[in-house]
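As structure tokens, here come the structures.
One chain, chain A, appears in both complexes that follow, with chain B as partner in the first and chain C in the second.
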Partner chain A sequence: MSDFDPGRRRFLGHLGLAGLGALGASSFLSACASSASGPTTGNGSGAVTIQSNLSSPQAKAAMEKLIANFNAQGKGTASLNTIASETFRTQLPTYLTSANPPDLYTWYAGSVANDYASKSLLLDVSDVWKSLGDYPQSLRTLSTDASGKQIFVPMNNYWWGFFYRKSNFAKWGVQEPKTWTEFLALCETLKGKGVPPIGIGLGDTPWVASAWFDYLNIRINGAPFHRELLAGKQRFDDPKVKAVFTRWREALPYFDPKGKAYPFQEATTALLAGKTGMFLIGTFFADAAPKDALGDLDFFRFPIIDPAVPLAEEAPTDGFFASAKTANPTGTKALLTYLSGVEAQEAYVKASSGIVLPANPKAKASDSPLVVKGKAMLDEAKELTQFFNRDSSDALQPTADTALTKFIDKPDQIDAILREWQAGAEKVFKG
Partner chain B sequence: MNKLRTGAFHSGMILLSLLWLGPVIWVVVMSTRSFDDIAAHGVGSLPRSFTLDTYRQAWTDGGELRALINSMLVTVPSVALSLGLAAMAAFALSRFRIPGRRTILLLMLAGNLLPPQILLIPVAKFSELTGLYDTLWALIAVQVGFGLGFYTFVLHGFMRDLPGEIQEAATIDGAGTAQIFTKVMLPLTRPALAALGALSFTWIFNDLLWAITVLRTDDNMPVTPALLGLQGQFVSSWNVIAAGTVIAAVPTVAVFLRFQRHFVSGLALGAVK
Partner chain C sequence: MTATISTTSVTPTWRRRRSARLSPLLVAFVLVPFAVESVWVFWPALQGFWFSLTRWDGMSPPAFVGTDNYVELAGDATFRGALVNTVIWLVLFGGLSVLGGFGMALVLQKERRGVGFYRAALFTPVVFSLVVTALVWRVFYQPDGIADTLLRAVGLEQLIRPWLADPQTALYAVILPALWRQIGYVMVLFLAGLKAIDPALHEAARMDGANSWQRLRHVTIPQLRGVNAVVLSVIVIDSLRSFDIVWSLTKGGPYHSSELLSTYMYSTAFQSLRLGYASAIAVVIFVLALAVILGYLVRAFREEA
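Moving on, here comes the complex of A and B:
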């Protein structure tokens, strides 16, 4: 017994010490946490916060530079807050509806912005537009909401087209097609040479297929019908929509069969390696290309199907809108005015590696042949659309993804697919 | 015959472990490739370049240092706080006849069955109401709140099985409830606490959902959303992301190695009643 007691005492004492140690450590660490997270509450008084989804390194650096320039001008202060684009997309409604929202946001023009405007979440920026008199009417219309006030300030846009490698087209001895017939002939030639003619990347990025739908629809039925369709004023099981898929079916045998498996980034790799002939994609894909391949890239516009239909092109427009609840509307508008100015737009184009066209007509775009050609193509267009989700909503996009992926798999079930699409779209529009 | 079996066993296990290690090795290899190499040959191809600049890019351009500090500031207090509270709750629920203790325990367990996704908006709104939105405090509170139920449940199972005689002996020796808890129960629960500590450290450190729900300033983001931030809108530098991932994995691997023994033995926790 006498041997047992001290042993147990020592045992207990030892453990008690360990327990104390753990408690001490925890209080010390929470003290650390408090000192670090304390000062981050609130937006500060005068500074305009800009919530940006431009998270790729080049674009982020470009934005940082713009904000630094703005702060150096002394007309106000701004702080940039870059959030991963995927996070931003899902959290944007939360940001906008929060009690103390950030002031300014990067986002898309058109129906996406108008949706928020109709919920009175966006700041009226008509004042900013007074100094943007030389902007084209198309951009002004795009930035105006249903009640007639401007709620968006465009920063830049880009274009879609069939991209290819000049050296490969030369090697295969083929030319850019102008019409649908020439396009199909080109596909046939490439197929004969053992190259899958049309690259696509639908794994993880099924929305890429929507570019085909958009383009075929604006080439066959025209941009006004396309807009009405995406706004729910026309039906997806309309014979006019079916005509789109009849055309698409003509090109379907020429699609790269591997394209269903990998995302568009890998489709880009395949195109550059000469494993596919051409690729309908937006200019952002060039970010996924190695620098030495950029000079070898060229593109042609989506072939003309019906010459009677006014020429339309896809030109997704990016820019900014502001929260209606901003505590500092004057500062926010000052920042918007700066961002829409020639100096800021040229600086952004120069610093970001992406192939983008500045929205301000006086700002010079990059003078690479590709950009000159792209700008000319958009200038020639009678109508501009943006892209499926931007002309409708992020909620409608999945219905398109389902329908189009299914169509590419089983083109002969098109009637059933369109019926399902219409049913899915009706649910979204009823919301 | 025996030799053959051993040989087959070993080669089978080697293949199996390669299968497990494959993705890890792939990420490490990718983190040393240049962007142009990946862009020209695809993410799956054999490396044709070697660079360690990706780690510098992830560390400085990606702001990983700041993010790792944020992660530690959230994870360490969350683990300490939730395990401390859970241990107290489990002690009370398992060693004392508290009225409705079964209901309390079931309620805690039921909370764990709710998918966190349906709670995103309430949590975001609530953190705004309390003025904690966009602070690390909000994240700590959420992590503690959501971990508590499960930790209590596991610790309850463990403490219930400790022999009652120890507690009786301590009582006879004149120890009060607090003393019994700190000097008898906590030390005996150490294996369970260590295993849960390693587990919860990994969970909280790797959490993305809550971080992006209650935070919106990039300087406040822990490491998982910061890694996501390395992705561009359309195109991502996979090599830099891979390098960032390797860096971000270091703390969890370190914790796991430190607590490995407890972790493996702790897996059987609550398996036997």
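Moving on, here comes the complex of A and C:
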């Protein structure tokens, strides 16, 4: 009884309040955001620090090898700092705005990079581009910011497509479709055989649905409209956007119902096990695939809907940008020049297991049939897009995730969904 | 007599002198933690209030917008949904963990053979990090996972659904693992409270012919008032800060159906990069927690007086 005298009770009450302070919903926020915790780096001629989000084992090993090679050449020294990709994504603005930022970062080309450039956070790397004269114009444009200087150096890109197992397609006696009509017919056939035709993985990775939106939009309305929409110059409640969902709805009955609940990695497992027919995904999914299944994989391009629309493909480009505040711009540019060279790019492709295409046109990609086919598909395209978040911003991505997963669940509410999407997007654009 | 008078007249001056000259050690014990708290807690918290009046992307300097963020909050359907979900969470998670924890404490308070094992078993989930808990429950909920297998085994396969991906069930599917953990924690708090009750009170009540329900109602529960304040604080704080389990199971999805104020604050801040707006949500969370707990404390003190 004496344990709970009023004095002690008051004390415990205060403990509760102190706990509240520690919960400090607001303090948590501002502490993270205002005190930029700059990693210790960059002293004049010191080592160039690379902040890398390539944390999968093979990609990490490949980067380590590249940095070791660069250091062995004696043109400078660099040190690699590999960060889990989700942490990297949320911390990137903090890195770039800190007083003493790391020098070089792995990241994506396109709108995401240009956003930082417009805030004068990125180093002008036009010098590096002087030695990249043989790079295709598309990559140069992609790496150029609004003021006309290059701020990005591409390392490689990859493609998205409908992946399937050759042995399963043979077993089911079906062919790759070319057009939307053929595609729907294929879905119908597979469904008749008791196989859910289209795999997807939205649990935990809802952004995968954006590939469907991107592709339908660039097939129906074309890449220029798509880019304007994602830049806030068009509206999501436009009838042209609704047309995308009308098409999508034709394919909805063929989606694997379990796909809502598991992430794309498990959707990959389902595809490989023959539990789904095909899967619209980027080549990175193969990281989660066992080696023996890789030879059995093939893909076809997203079916053509309107032949009059210039052919566009999603080809997300990965590479590097540097902080405008780097203390060692010379060393940083030397490292970028090395990384964009044939030797480094071939070494990276060889060491990483991912199916990627080097950005340097002289560097040889892997000669597996899959990579040859992917490269041919991209070469044939008139326009390349990046991906929803890369063509807009990471901030816009959650609005797409909400709208698209809701559409897949409740396609009847499409008008309301598009209105909400537009309202959400306006908030993001307004900041 | 004289002795008593002199003591009573001396004591006040002695007290006054002592309060005038505080011991330096005491001053240090008060000021040092206060200084540390100021830097790490009070200052950032105040800053949070300031940020809630600004528009800020974390990169450019914050721009003052007055109460715009709060006006927007009032018309934000997602925020309203998150608020409702937080209330549901508070009631279900808070209420059930108190009932469950108290019930378990009553059952397990008597020293019996093997009771230590049951107590330990109930407490084990508290030891796991919530992220680990989430991983375990994800396996439980996954398509064709343990939950589905169990339902099929008892012939209820028509109930099977994508538990975490169905907006009807997502919130409840997340509350369950949170409860699984919290009940053990609350049980331990109540066990400590029950142990502190003087057995003589129960003895006396029994002598007066009180049955076990009457003893629970009129002896045990009133004696636990001190613990209740702690449990309430813990429950309210844990409910409002519940984030990790929701984030690792559903991230507030599908389409905001399991969104809590805490997850909405996080995604607004670190995904949409709207730190001013997120700070406004944080302020609302703070006010809510303060209101609930202050309300209880004021009532508790009034009863005491």
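Operating definition for what follows: the second predicted complex is superposed on the first by the 386 of 431 C-alpha atoms of A that agree within 3 Å, B and C clash if a C-alpha of one lies under 4 Å from a C-alpha of the other, contacts with A are read in each partner's own complex, and residues count from 1 in each chain.
Note that a residue touches a chain if its C-beta (ideal position, glycine included) is under 8 Å from a C-beta of that chain, and two chains touch if they have at least 3 such contacts.
Just so it is clear, the structure is predicted and the values come from calculations on it, not from any experiment.
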Touching partner for A:73 - first (chain B), second (chain C), both, neither: neither
Chain B versus chain C as contact partner of A:94, first or second or both or neither: both
First, second, both or neither for A:427, with chain B first and chain C second: second
Touching partner for A:284 - first (chain B), second (chain C), both, neither: first
Chain B versus chain C as contact partner of A:368, first or second or both or neither: neither
Doubly contacted residues of chain A, that is, touched by chain B and again by chain C: 12, 15-16, 19-20, 22-23, 25-26, 29-30, 33-34, 90, 94, 266
Chain A residues within the chain C interface of the complex: 1, 3-4, 6, 8-9, 12-13, 15-17, 19-31, 33-34, 90, 93-94, 96-97, 119, 121, 202-204, 206, 257-258, 260-262, 266, 394-395, 397-398, 401-403, 405-406, 409, 420, 427-428, 430-431
Residues on chain B engaged by chain A in the complex (per definition of touch): 35-37, 39-43, 57, 61, 69-70, 73-74, 76-77, 80-81, 84, 121, 124, 128, 131, 133-137, 140, 182-184, 186-187, 190, 212-213, 216-220, 225, 228-237, 240
Residues of chain C touching chain A in the complex: 37, 40-42, 44-45, 47-49, 51-52, 55-60, 72, 77, 141-144, 162-167, 193, 196-198, 223, 225-227, 229-230, 232-234, 237, 240-241, 251, 253-256, 262, 265, 267, 269-275, 277-279, 281-283, 285-286, 289-290, 293, 297, 300, 304
Of all residues in chain A, those that touch chain B in their complex: 12, 15-16, 18-20, 22-23, 25-26, 29-30, 32-34, 36-38, 40-41, 51, 53-57, 59, 81-87, 90-91, 94-95, 98-100, 102, 264-266, 268-270, 272-273, 282, 284-285, 287-293
